[in-house]
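What follows is chain A paired twice: with chain B in the first complex and chain C in the second.
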Partner chain A sequence: MDKLNCFLGIDIGSVSTNVVLLDENNNIVESIYVRTEGRPIEVLQKVLAQLYQKYEERLKISGVGATGSGRNLAAIMVGADTVKNEITAHAKAAIHFIPNVRTVIEIGGQDSKIILIKNEIVVDFAMNTICAAGTGSFLDRQAERLNIPIERLGEIAIKSKNPVRIAGRCAVFAESDMIHKQQLGHLSEDILFGLCLALARNYISNVAKGKTIEEPIIFQGGVAANIAMKKAFEQVLQKEIVVPQYFNVMGAIGIALLAKEKTKGLISNFKGFDCINNSKFETRGFECKECSNNCEVVEFYNNNNLVATWGDRCQRYSSSKNHHVEKSKNL
Partner chain B sequence: MKITFPHMGNLYMIAKPLFEELGFEVIVPPPNNRKTLEIGKNYSPEFICMPFKLNIGNFVQAIEMGADTIVMFGGCGPCRFGYYGALQKEILKDAGFDVQMIVIEPLHYGIENFLSEAGKVFAKKNLIGILPKIYSLAKMIDRIEKRVHFLRPREMVKGNVDRIYNRFRIEALKTKGIEQMKKLTEATTVLLDNVYVVDENVKKIGIVGEIYTIIDDFANLNIEKIIGDMGYEVERNLYISYWIDNHLIYPLLRKKDLVVKRYSKDIMENLIGGHARETIAYAKWFESKYFAGIVHVFPLTCMPEIVAKSVLADLRNELRVPLLHIVVDEMESDVGLKTRLEAFLDLIESRSEKSGQAKLLSWN
Partner chain C sequence: MKIGIPNSFCYMGMEKFLANFLSKISDESEVIFSGPTTNEMVEFGVQNSIEEICMPAKAFIGHVEYLAKYQKVDAILLPRLTSLRYRTYSCPKIIGIPDLVKTHYANMRIISPELNLRNGMSYVNDFLVELGKHFTNDKRRLKKIVEGFTNSELLEYFPPIVKDKKNILVLGHSYVIFDNNLNKGILQIIKDSGYNPIYPLYHHISDKDITLELPKPFFWSTAQNIYEYFYWAQKNLKLDGVVYLMTFGCGIDSILEEVIRRSCKILNLPYLCITLDEHSANVGIQTRIEAFIDMIGWRRENEDYISTHG
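Take a look at the complex of A and B:
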């Protein structure tokens, strides 16, 4: 039986956990998109167990990368070769699929970002500051309130012929504005497309403020599943927008590509499926009372062994693990 | 009188010996932490900026420790900081704290005003003997901070510099008077000078922005340490001694900061409050010094810095250096900040790798 030599990319976001398997020729062998539901450890273990059941011994992992807001957690769980922020990972994937891409619009669960690229190099980026109005979670919540499955929001909204104007500057105001418009008897589809337009406008005037948006534009992240959001962006920008085939797992693809670059397929830190699935991972937190900083220290245990510590400002706990020595580029 | 004052980075290292030298008992509030912010939030208007909330938190915590007099600096120009002292006085009064508040306005508001308020603290004391010593102490403390920024990315054994610096900050609370503080500062300088350095080409990142949030490491989630640990040297435009120079000494000498004068010319000639002009001028100055990137830090709802941000956005094509804006508020997690910084440094690396292609350095 032939070995399947693959690179594993893991993207743990606030809303979704995405895992991809990339073969040596950068073809996507497997792409999994599941909801994190606030339990990143369990969900990641479950997804990896699925992969293992499907391929068993045939699968050989030559490199692993972790990205997303849960990247540090994931990296320690699986033994990642590279840990990178989601902006770099998303840009990497976008360039991989469309080498001449100039603008990446990425909207995820909690974050929305714009990445400007020129000659395959990221030249500028911006992310939403402070608030998360205009991100996936907000759409999710509104769909739930209107009793519409989030997957169907796009197809309903796109039917709209007469969208309602909604104040999208702030999620709280947008919601009360929407309720107001509902009570006036507007159609659901008009309200929903109005909401998509408001989010698109909000994105252009906040996240993308002061940036020149040039074509080709690529729209990725979970929200790109919503065809009405694509249409709204096209209407607001008056430009064509491309939603790539694997829009929802682009971060994972990007980090798998980066892991491939890093390991060059030679030696991987990957712990092995067996080891990960049979381990018990646990997070415990406490408030340190040593000084008046009162840091909230988070400890991560693997089979009751302390493997990582986060959150202490003075590095009283984390320095014993020499995290910063590993990260240092001097060594 | 038991005197207290708000925290701002290492300000307490100068304020504490100064008041001690003047013969007062000094109560230093606990360093800024989440509890400080929590208390501050309870008493403050909702949309006021984070420094204000931290100030209130400091005051309340200090009052609980027995302080009865608060010394606060007034503001400059139309930035809201100008009325912070007065507003905070009223808030504390409403909340039922029995405390005297002395608000000292900068010199360019007239010498009488300055003297009448400052006189409450400084009267009958030999200031001429004390002030130069305090000034040189401030310079020394800032030099330590600069040295820490220089050493962090270069030290051979990671963590040594932070250990020395943390110890310095804790020990500073135990000293009494200028002499002891000066000895501690000198000892720390010696320790830092003996840190082994790996000589490496380290890129420099400039930090500009609102004074409180760039000086206070709690307010900016320790951004300088994060960047330093990622292997970059940090330099910022505002230090406490710079504030003393700019607001107390230059007006007396009728002098102006030459960098600001030269680089803000034609862009922002008038003072709009806060340090917006400094932000713009120093962003351009850092660029002229071949810094690899500039990080602009300011609190949410800060008017002068929002203006500076828009001006910098317009200057984008002129400034050939990457720029990152960080808005700080009551965020309690630094994950988002780390993501942004990491991506920013990745961007700098990829740009400089291809910097042979000169055109790539421009924005569009």
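Take a look at the complex of A and C:
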């Protein structure tokens, strides 16, 4: 039987880990969305094991890309061919699905972004500044407080006929506003949709500050699962918003596409499912006391071999000469 | 006598000038610098300063603590920088910083002569005379030394290397641009991605007032200087993009950033604003710069594409 030639895209975000398999014609063979739950190494290994179980030897990986806030970790674990930031990856995927897209609204677990595109080129972008109000984890937290599963937040909120006004500028103020409204006896759906509207307004005035939002607008990232958020954006912008079919794994799709471009005519660095799943990855950290900077140094071990170091400002540890390359002898 | 000079905040770039003068005026004084900002200093500053001041000012408190506690200096030299150029004033926090330190270190000798160049550069001499009086009573000798300093540079920084292409203009206060701890090594991040960072220097300080197509000049010395350099650079250099390093809580930045953002929009220059605060990880900055560089590369490729095919 012919092997299935695929490109692997890995997006390790703060809240979710997404993996996609893309075939040679850019069709999505497999897309997996799981919660990172603070254990990216374990979760990624589990997802890859799952893929291997399903396809076994039929799969040939010709390229791997890693993105998201855990991209450096993932890249070392799997032997990625390309490591890119999530903004580029998301833009790439958006352009792939809607070539004439002008605006990408992406809201993830810890950050929100706006990407402006013209003629299939990113012309401008912005991310939330130092505040994470209005991102997925805040919605998560509020849903939890009202004892509503996050998956159902959208369908409940969308029923609202009379949304309440909530301050979206700051997560703390928003929460106290919500509690106040709830104590006055407002319906849950009205409070929740009020929250969605507040987040949409906050996004427009904060992240998209001073930018012209033009159609077509594409809304992606985990929060796009919330149909009420889409409605809130449409109401605030008075424009139509498209949520693509694979909204929650767009970053992974984008990085798979980039990996495909990168490995054209080259052999992938992919370590193979076997190798990854049988390896023991471990992160150890210590506070360096060599100078008063007190850097928090993070060391990444593969089968007890030090393979990467991050966090030291002076690069005393992270300069590559201290690293044991995979092949070197066990210590 | 051990005299401490902090290498931080508004005194950054001025250390050499001050140390030179001190060495001329007094034989028995030894100058001690606080050196580059460390995490320890930042931590101390954040915990021991008032909430409202900006990040660089908080880190500055850490520098002073280092001089007072670890170096055990006898005095700290903190000139009151009322104005650094013609017809402008410094930021109110900069003007007040010697007082801020005085309240905190009641037993420390703080030498703070006033530097006010609002009426012209020649007033540097008044400043030096006031500073010199702390060390000598010999008026004639002082006058002679001050005269020898008339033409020396007040502020000195590493000048940027301007290249023919791939220049990225990094704007912000010099105490942010030259402090690798506060800016998380942004100049190196840009260099590592194959671009050439350039930044404003104070060498334009002059008595001339350039209108710069603004309805009126800026009120603040630093703002006028940063804008002036931006204006000159976008006209005379080949820029690929502009990065503005904004410190959270800075009043000057809040207005200047907007002015530069709008200018970049009109000029069709890629623009990125990075807000700096107490973040300990540089992941956020790394992501933004990487994406910015990707965007520039993307644009550049496309421009090439158009030009080769007419």
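FYI, the second predicted complex is superposed on the first by the 317 of 331 C-alpha atoms of A that agree within 3 Å, B and C clash if a C-alpha of one lies under 4 Å from a C-alpha of the other, contacts with A are read in each partner's own complex, and residues count from 1 in each chain.
Definition applied: a residue touches a chain if its C-beta (ideal position, glycine included) is under 8 Å from a C-beta of that chain, and two chains touch if they have at least 3 such contacts.
Computed from a prediction, not measured in an experiment: that's the story for all the values here.
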Chain A as common anchor, with chain B and chain C clashing or fitting: clash
Partner chain in contact with A:69 - chain B first, chain C second, else both or neither: both
First, second, both or neither for A:293, with chain B first and chain C second: both
Touching partner for A:205 - first (chain B), second (chain C), both, neither: neither
First, second, both or neither for A:26, with chain B first and chain C second: neither
Which superposed partner A:314 touches (first chain B, second chain C, both, neither): first
First, second, both or neither for A:86, with chain B first and chain C second: both
Contacts of A:283 with chain B and chain C, given as first, second, both or neither: neither
Larger contact residue set on chain A - chain B or chain C: B
Clash-bearing segment of chain B relative to chain C, given 168-176, 186-194 or 222-230: 222-230
Residues of chain A at both interfaces, chain B in one complex, chain C in the other: 69, 84-88, 119, 121-127, 129-130, 210, 291-294, 296, 313
Residues on chain C engaged by chain A in the complex (per definition of touch): 38-41, 180-181, 185, 248, 261-262, 265, 270-271, 273, 275, 277, 279-280, 283-284, 286-288, 290-292, 294-295, 298-299, 302
Touching residues (chain side chain A, partner chain C) in the complex: 69, 84-88, 119, 121-127, 129-130, 210, 291-296, 313
Residues of chain B touching chain A in the complex: 30-31, 33-35, 154, 156, 158-159, 162, 166, 170, 198, 200, 218, 222, 229-231, 300, 310, 313-314, 316, 322, 325-327, 329, 331, 335-336, 338-340, 342-344, 346-347, 350-351, 354, 357, 360, 363-364
For the chain A and chain B complex, residues of the former touching the latter: 69, 84-88, 111, 118-119, 121-127, 129-130, 209-210, 212, 214, 291-294, 296, 313-315, 319, 322, 324-325, 327-330
